[in-house]
Amino acid sequence: MLSKKTSVVAISTLAATMLLTACGSSSNDGSSSSSASKPAENSSTTSSSTTTTPTAEKVELRMSWWGSDDRHEKTQKAIELFESRNPGVTITPEYSGFDGYMDKLNTQIAAGNAPDLIQMGGNIKEYVDKNSLLDLTPYVGSVINLEDFNQGLVQSATFNDKLYGVTLGVNSTGLLYNATMFEKAGVAIPTKDWTYDDLKQAAIDISTKLGKGNYGVYDLSSESGALASYLGAYGKELYGVDGKRHFEKEDIINWFTFWSELREAGAVVPADEQVSSPATAADTSLVVKGQVAIQSASASQLAGWQALTEEKLGLLMYPKGTAGNGMVPPQSGQYIVAYEGTKHPEMVAKFIDFMVNDPEAGDILGATRGVPPAGKIRDQLSTQATPVDQVMYDFISLVADTAPPVVWTQFPLDNELIKLLQTTQEKISFNASSIDKAADEFMTEVDKLIEKAHTPQ
Amino acid sequence: MALQNRLKPLLFHIIVLGLGLLMLYPVFWLLSSSVKPTTEIFTSKGLWPSAITFEHYHNGWFGLRNIQFGRFFLNSIMICVLAVIGTIISSSMAAFSFARIDFPLKKLFFALMLGTIMLPGHVTLIPQYIFFHKLGWVDTFLPLTVPKFLGDAFFIFLIVQFIRGIPRELDESAKIDGCGWLTLFVRIILPLSSPALITAAIFTFMGTWDDFFGQMIYLSDVNKYTVPLGLRLFLDSSGSSNWGSVFAMSVLSIVPSLLIFFLGQKYFTQGIATTGIKG
Amino acid sequence: MQKYKTYLAGYLFLLPWLIGFVFLCLSPIAASLYLSFTNYDLLTSPKWVGLANYRAMFTDDYRMMDSIKVTFQYVFLSVPLRLVFALVVAVVLNQGIRLLGFYRTIYYIPSLLGGSVAISVLWKQVFGKEGIFNQALAWFGIDGPNWVADPRYAIFSLVGLSVWQFGSVMIIFLAGIKQIPGELYEAATVDGAGVMRKFWRITMPLLTPVIFFNLTITLIQSFQTFTKAFIISNGTGGPINSTLLYSLYLYIKGFSFHEMGYASAMAWVLLVVVALITGIMFLSSRYWVFYSDGRE
């Protein structure tokens, strides 16, 4: 009896919800789709009318970037400033964390639906090759002012004599060290002129003095940046302007042997701990926790990481080799690029110039994407930099001064190289393969990658 | 004898609770990280914070410009409620058809249906995105909700299995009473398969609540962001993240699913338990 | 006439799903099949290459064998463990004991954390070198390895994670048990049957449709497991490809390496394998699954 009653109640509520959703969802469909399609209509109608009536220019742009809350806030403020100075222009911010950012961008490009303005990492060449980015060359000089820029930075976004991106922040890979641990172990903090032998000695000293569970350095043999500067320090190159590799199997063997010796001496993080506590993220890095003294990092990570720990952190150059210092010159940490399908290339260019050259925007944005590329903005900011930011500014200047005068070329298919190098390092550190065999495999695969990069699709 | 009778349940509770607490360790860790001072989250080893702070909750909720975290909760709840309603209606209808009605090509359709969940979603994502883009649905809730009204293979299969556990005699007697298919479905089959429906509702809610990738791909306007997207606004895995806010908001983000489960579970567990006491 | 009315009813109830199938599923599925015969980098239009992707999978891909091996290991370990664990806990938590609702919720919470950003940090707390799992082993004098990071054991920590999140399977079992008519147990009690006898004679046979469902679905889902491996290995599938589950590798190929044509070919090979296994299970089901509706 009771069950029959409850079932009737169940049925009537079900019927009621069915009715409700039928109405609810349809009305919802109507409202949200109309609100979504309206701006698009507006922009298309207004864009055609802009050519005739330049006084009431209405432009709608979208800009996407990734970051954390601090960058979101600063970038939004900069956009608001730009909008207030350019009545009629609205820039819809589309920001998110880094997870999934590139996947979404790829999907949007595949559907022809990418934002007008896009923040990108170092991998812009891939997108240039596929004709996804707008050629900014026509606007250089007239709209985008790059006179105040280091030529290397402009060069890095120039392909076939055309400019496709503008650096938002300069960054440099180097070593991040835990000064507190150096002090505890009584080891002097290295100078910029230290060598690979010095690194070996310091790592061994720190790990023996501080005892079990503490290590001098992460196993950096899996870091492409570390390998590049090692090769540079011995007169070689990971990848040259001519599109070829400039190193031999022997160099790779030397590189991995160096780290294997350190591993046998107990001075580097053991293989398993390196996997479970990778140095790439602040939440897992043992340098932040005060158990490892040295790791690779980008200079711009310093401020954020320092905030997470009471240990004192600092930045350090990669060591020297027989050919001097092989540091990779400061790179663009992030570019701003324009989507090839944008309807308002001129306004896009104007905004790009605003992001990098406007003093007020510079004040708002600060160093949220690394050191500002324009000299005068950098000077303006350095007067008010926090001590931690100052360390970053100084480090990047130092790297710029000491990097060897070769034209640095990014390895194509960088993603795949990073993965290959990591697997090679793991095979060696977990004793799954001899150094010689792993080096052989590495060379074969690197050559395949280079060949793949040069094969036109 | 009497002592043994009292010890046995006690032992049972100790084991079940002990195992449960072990399984919950990560949750305690999350909870404690959300109230630790920032410099302690990753550097201190113990669960117990040296000082308790609620600033992460405050910063996480109010810390974003022009938007509060509550907005993400509202959006998530709206999408989830629509998804639950859609899934229950459409999946139970299809399941009823597969389980009880004979029609041509039934087996083929059933096999095709199972086939759709065997292909990894990553390769259909882009064609699907292009389709929704052509409809003008990108950056609305529609790609995330409308498909739910069109049946989900997982739940259809689930409900089919439950309906097939209901004896056919009930159908026959209903038909003798002159009931049509609709009445049979609504009056008899739906109520009797309510454990499966509640299960489907809970799973749909949680699955939709957690669906980071789909929401990330389709939503671009921050005002339409959901909880998983909101959480990652603090998370720049290529640079520096605001971990305090991530953990604090992660704790809050579990609450709705927990509530739904706690409220829903009695619907699929009562019944038999009462006879269990007798046995 | 009656017959056609029945057909009509069948199709009408199926209509929402049919619409979704035709409009939402069919064209993306067909598109992915087409893409599997092309070179498609996402940014430019696909170029036809015939069977090249399929050939490359089996002849020119040094990661593929690793990935296939790991995936089969994962599936054949995690599926039975997850099912048995979930069934045992479901039966135990269905006894008439106080605080059961509370316990059930506790045991479900791990599944709630599902794809949470915190899960990889959490998992290391449990299965790292100094994690609580090894601390428990230490009581028995066993010095445990670093389960999450050692290439020999990483797959087991992934299996562990999948078993740990057994909550959804458990719920389906609970719902299945609930559907068994209580009178059957009462009658058995009158006949003097014990707990074990009731479990084997009543619970198990009547639960077979649900067991079959859980087995099939868990199998299909395990072959496609992505998020767990992605989170645990930071998206790398390492160390030394030891957690490079098939779906993770497919994603890396498609989205990180921009080889969506190749990824689509991988997806179709997976589809064929999983469909074969599922087909065999359906054939076998007529021998061990008992439906109360009296049909196969």
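Per-chain residue numbering starts at 1, and chain names A, B and C are given in the order in which the chains are listed.
In the analysis below, a residue touches a chain if its C-beta (ideal position, glycine included) is under 8 Å from a C-beta of that chain, and two chains touch if they have at least 3 such contacts.
All of these numbers come straight from a predicted model, not from anything done at the bench.
*Asks:* If each step moves to a chain the current one touches, what is the fewest number of steps from chain B to chain C?
*Replies:* 1
*Asks:* What chain is the most remote from chain C, judged by the mean position of CA atoms in each chain?
*Replies:* A
*Asks:* What chain pair has the highest count of contacting C-beta pairs?
*Replies:* Counting C-beta pairs in contact for each chain pair, the top pair is B-C.
*Asks:* Take the average of all CA coordinates in chain B, do the same for chain C, and state the distance between these two points in whole angstrom.
*Replies:* So the centre of chain B lies 16 Å away from the centre of chain C.
*Asks:* Quick one: chain A and chain C, Cα centre-to-centre, how many Å?
*Replies:* Taking the average C-alpha coordinate of chain A and of chain C, the gap between them is 35 Å.
*Asks:* Nearest whole angstrom, what separates the Cα centre of chain A from the Cα centre of chain B?
*Replies:* 34
*Asks:* Scan chain C for residues touching two or more other chains and write them down.
*Replies:* Those would be 42, 117, 121, 255.
*Asks:* Can you list the residues of chain A that touch 2 or more other chains?
*Replies:* Counting only residues that touch two or more other chains, chain A contributes 99, 103, 107, 110, 281, 283-284.
*Asks:* Among the residues of chain B, which ones contact at least 2 other chains?
*Replies:* 89, 126, 149, 212, 231-232, 235
*Asks:* Please give the residue numbers of chain C that touch chain A in the complex, ascending.
*Replies:* 39, 41-44, 47, 62, 117, 121, 124, 128-129, 145-146, 148-151, 154, 234, 236, 238-241, 252, 255-258
*Asks:* Okay, in this complex, where on chain A does chain C touch?
*Replies:* 99, 102-103, 106-107, 109-110, 126-127, 130-132, 271-278, 280-281, 283-284, 413, 415-416, 419, 422-423, 426-427, 430, 432, 441, 445, 457
*Asks:* Give the list of chain A residues in touch with chain B in this complex.
*Replies:* Listed in rising order, the residues of chain A that touch chain B are 6-7, 10-11, 14-15, 17-18, 21, 25, 28-29, 32-33, 36-37, 40, 62, 64, 66-73, 76-77, 92-100, 103-104, 107, 110-113, 115, 121, 281-284, 288-290, 298, 300-301, 303-305, 307-311.
*Asks:* Which of the residues in chain C come into contact with chain B in the complex?
*Replies:* 6-7, 9-21, 23-25, 27-29, 31-32, 35, 42, 92-97, 99-101, 103-119, 121-123, 125-126, 132, 164, 168, 171-172, 174-180, 182, 185-186, 189, 195, 198, 206, 209-210, 212-213, 216-217, 220, 223-224, 226, 247, 250-251, 254-255, 260, 263-264, 267-268, 270-271, 274-275, 278, 291-295
*Asks:* Taking the touch rule as given, give the residues of chain B at its contact with chain A in the complex, in rising order.
*Replies:* 38-39, 41-43, 63-66, 82, 85-86, 89, 125-126, 129-130, 133, 136-142, 145-146, 149, 186-187, 190-191, 194, 212-213, 216-217, 220-222, 229, 231-243, 245
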